[in-house]
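You will see two complexes here that share chain A, one where it goes with chain B and one where it goes with chain C.
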Partner chain A sequence: MEKKLTLICDKCKVNLTLANVHFSYLDHNFRHKVLRCPECGQVYLSEELVAKMKEVEATFEDK
Partner chain B sequence: MVSDGEKIIYETESLCPVCLRKIPASRVKRGENIYLIKNCPEHGKFDTIIWRGKPYYEDWIRETEKVLPQKTITESVHGCPFDCGVCSSHEQQACCVLLEVTQRCNQHCFYCFASAEKEKSKEPGIEEIRQWYQMLLDIGEDRPFNIQLSGGEPTVRDDLSEIIRLGKSMGFPYIQLNTNGKRLAEDVHYVERLKRAGLSAVFLQFDGTTDEIYESLRGQRLLAQKEKAIENCEKNELGVVLVPTLVPGVNIENIGEIIRFAVERLPTVRGVHFQPVSYFGRYPDAPEDSDRITLPEVMAEIEKQTGGKISIESFQPQMTGNPLCSFHGSFVYMEDRGIVSIGGTAGSCKCHGSKEDVIIKARDFVAKKWTRAEKKACCSTSYPLSDLDMYIERVRDYGFSISGMAFQDIWNLDLERLRRCKIHVMNFDKRVIPFCSYNLTDLQGNPLYRGR
Partner chain C sequence: MERFYKQFKNCIQKEVPFCQASCPFHLEVVDFIEKAGRGAFSAAYKTYRNAVTFPAIVAALCPEPCKTHCIRAEEAYGGNAIELRGLERAIIEQAKNKDPIYYNVPRKNRKIAIIGAGISGLGCAFRLASKKYDVEVFEASGRMGGHLWEIADRSPAVGGLTPEIFLEEFELQLKQEQIPIHFHTKISSLEELAERGYEAIYVATGAGGNDFGLLDSDAPYFIKDNVAYFAGGSLTGKDTIEALADGINIAAAIEIYLKTGNLSAPDDRRTTNVQVDPCKLEYRTGLPLDEAGKVKPENIAEEANRCLRCQCDSCKIYCDLVAYTQKWPLRIKDEVQATMHEGKVELKPQPAKRLINICTHCGLCKEVCPAQIDLDSMFLQARKELHKLNRMPWAFHDFWLRDMDFADGEAALVKTPPGVKKSKFAFFPGCQLGASEPRYVADTYSWLLSKEPTMGLFLKCCGTPVKWAGDEEKHAEAISKFHTDWEELGKPKLVVACPSCMDNISEFLPDIEIISLYEFMEKNGIVPAMKGDRETWSIFDPCASAGKDDLRKSIRNLAESANFQLEPLPVQENHSACCSYGGHVSVANPKYADFIIDRRITESENPYITYCINCRDAFLGAGKKTIHILDVIFGDGCVDGHASLPTVTERRENRIALKEQLLKNIWGEEMAKREPQIKIDLKIDPELKAKLNREWILEEEVADVIEFCERTGRKVILEERGTFSGYRQVGRMTYWVEYRKNGESFELVNAYSHRMKIELEAVWDGKKVDTDM
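Our next item is the complex of A and B:
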């Protein structure tokens, strides 16, 4: 049976919750829902999201 | 060497168009424009426009990374450009290497690099091409060069799919086909074979959206054939880059229409790559400056003919090679907003890990922008580009590029530029020769390298 994983902020020891976060890169702005610590505001970026960011970056960068 | 009102802004070297002797040359500013001026002690002065108007030369030029070839093939003995192969004085790794798989052609054009000197060379067999690929792997690094299959007209070969399959199996991630599109239009099964073999993209000779343009440049009415070739690529989900040769008095006024034609055919058409005409072959008299269109003029015409939807500011020089050789811009088409620029501003990205990363990124950049993505169901066409997932999806299908590349001929040849050349050609004797020296001819049409 699949287990639901809960991520906990290492610093604050509280569960991360989904929040809308704004990213900015080379004058382009994006929003995306990511897991965030409600106490200190640190966010967790999954590997999947990082791969997406890399794809987005590649469309902006100079040849 | 310069007259009143002129200012030398860069000292370089060139060749005499008559005797091919190496001679000093200068980039000279006269008014808003830049000229290449050179003097041969025997054959006199030559003066050629190289940069006209906005964006101004001073604003455009910038330092770019030199990524030296990891392995050179020839020794630097006689000096640039007489030792190409590439030699130890070359200052740039290749981004793309051209393989001329035939010298035969099914079209006879007035403007053609390949027909400047029609040598009767033997067509390379599969084993010879395998050796070419292997050599390119041996002199390259982890990320193999991008490959362009060229000619002649490569599609006259029935075994072209085998050549593509071989290259892919040996590890070349990106192989594009340079073609006039005639066979692609006539034989959809041939297109299917190329796609199945792993062809990445089609670099389609496409000079404009009227038959008069083709009659003028190619001697035939070819628009329907070009449209059919694109349709057959669409059927096989193959990306197409439109490649217009721009000739003053013929198709300059058609630039905006070419871009509209491309946008209407997204996502099959992935971009437009403009190539201002250059003069190879026999020209007893120097071409007039009015016979030339320079890169800034192409950018200015794009801005003018798209009603400002694509501005000059959306274009940047390349990060590698010489900034005078090319421009590019990235865009996405939105049904509610039209064309939106998504490129960074010039010099904005400082995120390369090492010098080698710059050229690897350049290879990946070209491969990604010109390869059509796998078909995916797309949703609404007016969603916000600020949503990460939607942005990725929209750019994958409706992103496109507009770029331009200025090739050098014997009149405007600048050896500082040539040493930074990153488009190379595999010669039959396995020397890898920068494109602009490979195609160079003196004014009688005698080549420096091609066929030698």
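Our next item is the complex of A and C:
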């Protein structure tokens, strides 16, 4: 497991916190808590999380 | 789609092997043989017992009708039939667990009477009792077995059958069920039994026994006053084995009668329409049995594996999709039908969406199928309908459609040679040849011009990618533009390098005359520059070369004239399959693409010469020594394989560089100044470039995201790593970058992408947010 990273929004200079983000793909919609800037809403998704998203994408493609 | 579904009516996949059709018990031979072959003796025994009920008796007495129908009996394939009975005897000896299965199902409370405790009556009784019907057996004598006693009394005993063996067998097989057998009970009239509440009566009184008048009627079974009557077994003149099979079949008929009230003749078809693929028919002879007629324990696997498993499996042998998914065509059809069925997608499963998008469209299916079932066209039609219904996952084809736009846009070049208004001929290399090896296109065009001064250049895509994506509208548009370009060139005869382009042009632009580049080269007496060494090579014919005999011949002539020793590939020579590029399957299922490549490159140890650039790239990328026929012709290829293939980014750059080079060298024109695709100073190390290539990410897309992050400030600082991270949606894909900034230049640390869209809110935390990503 990778060390916890300090993630700071470059624009607002504040630490990112967990907040809901709305995702959509092939007429499927869902919300998931990911790291976001509490000020401007900038999102961060790690490569590990994106790898998991790809599994969800495949499920939607097969549905 | 209906016309595609209809063709499956002719599928003979369910036709049984010849031996199984001739077997009175219809033993599932393929299943039995497979289990025996892998040493699963108890499982093989169960399969055998499920068919014959009394294995020890049948294995002793079976007259082996299977042997007269076995293909291995033919001299050409071994000269001796598979020793199925010998295997059955061996399995009985080897199986550790022979206990019958007890089915814990509720009793049915339906009464059945069986008259005669011979092998037929007991077989019928056992079958019904195991399904929890109330079966009672009435036997005039004081013992079970009927005429088996006479057989056992003969000297020597047939098949070594002794009373001990059959009595022990009855005890073993019947021990789980409670079957009352009333000995010394002579039934004088069937009406008497009917009055006692029996709903079905089987008369199995043996040869010369009382038939109660049943044999006087047209068929030995009928319904009278709500009771079904059956006569069978030796009473009807059958031998021991047929008598037992009769009892088992009558049990099935009784069950149907009790469930439905209908009487049907027991299904006992002894014919089959099975066809065996010729590639399975090699010569293989058998090993001798032991004195007891058993296959020796050490020979079980070999004898089982000698069996040809006669079933129609040509699709499984040749079609990559069927082989990979292990789904028989009838199942594929069901899944496609369920997927294409109209109705709300939320309410029904669409199991074949990915399956539909992994057909390579090589067309081999209909060629090898005895019923000519065309899976290829069914899948293509399904893609069209999925697209129309807006159910096609866009990501499956997105990369290739963007690639096609690039080939038809910036990279396109359609021109007559300088000073020529109308071309009689034009060179059409296809969109991937110049992307992968620009020198092939440049060298070829120069040579073609030297032979035919009006030779125009037609550097575009033929439209196949939109066809594979199922987008009929865009395909029609591409075809129409193609036609206009061709007219502007002066309606030339096209000299085409790519066999797939040839197919597309022939099918959709029938007024355009075409010739393959390699036939043109051969006819015009080209002398290959490269000289083959003594090594033996094989020609790998691309899937689209099927039916193009002149093209295939030209390739062989060209290679042979360059002193290459050629050896035909065992399968590909006559059944040309795809290299994995066809149908753009690698995005929908990358593992499947690897599976196909592996199948193709392991067909022979020989290095390959091919004439499709996609085949060359697929095989070379997997480490197979492969050259293109244009390497043979121009001699500037590296025989030992290229160190690296161009990345997806370099493939675009190659096309632009080729266009620039051709414009300059042939027409003396400078290409219009091109807006730089990468506007920032960006460094990407080779390992990361390889990763981008694997994940279909273009370097210009990565640069675009960095430039966006810098311009808008929409980025996150990863403090410990000293990097920035940000993303942007480009087209429909979302790309993520992690990078370092060194003064005015940038170093890419990582990049990845996803298909899901991040939906940003217009107002976040009470503030207006710029959602234009």
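By our rule, the second predicted complex is superposed on the first by the 56 of 63 C-alpha atoms of A that agree within 3 Å, B and C clash if a C-alpha of one lies under 4 Å from a C-alpha of the other, contacts with A are read in each partner's own complex, and residues count from 1 in each chain.
The criterion applied here is as follows: contacts are C-beta pairs under 8 Å (C-beta built on N, C-alpha and C of every residue); 3 or more make two chains touch, one makes a residue touch a chain.
Keep in mind that what you see is a predicted model, and the values were worked out from it rather than measured.
In the superposition on chain A, A:I8 contacts chain C only, with no contact to chain B. In the superposed pair of complexes, A:Y44 makes contact with chain C only, with no contact to chain B. Residue contacts after overlaying the shared chain place A:L26 against chain B and chain C alike. Of the two partner chains, chain B is the only one touched by A:T59; chain C is not. Touched residues of chain A were counted for both chain B and chain C, and C has more of them. In the superposition on chain A, A:L16 makes contact with chain C only, while chain B stays out of contact range.
Looking at chain A, you'll find residues 23, 26-27, 29, 53, 56-57, 60-63 touch chain B in one structure and chain C in the other.
Within the complex formed with chain A, the chain B residues making contact are 316, 318-320, 328, 330, 342-349, 351, 361-362, 364-366, 368, 386-389, 391-392, 395, 399. Contact residues of chain A toward chain C in the complex are 3, 5-11, 16, 21-27, 29, 37-45, 47, 50, 53-54, 56-57, 60-63. By the touch rule above, chain C contacts chain A in their complex via residues 345, 349-351, 353-354, 393-396, 713-721, 724-725, 727, 736, 750, 752-761, 764-765, 767, 769. Chain A makes touch with chain B in their complex at residues 23, 26-32, 49, 52-53, 55-63.
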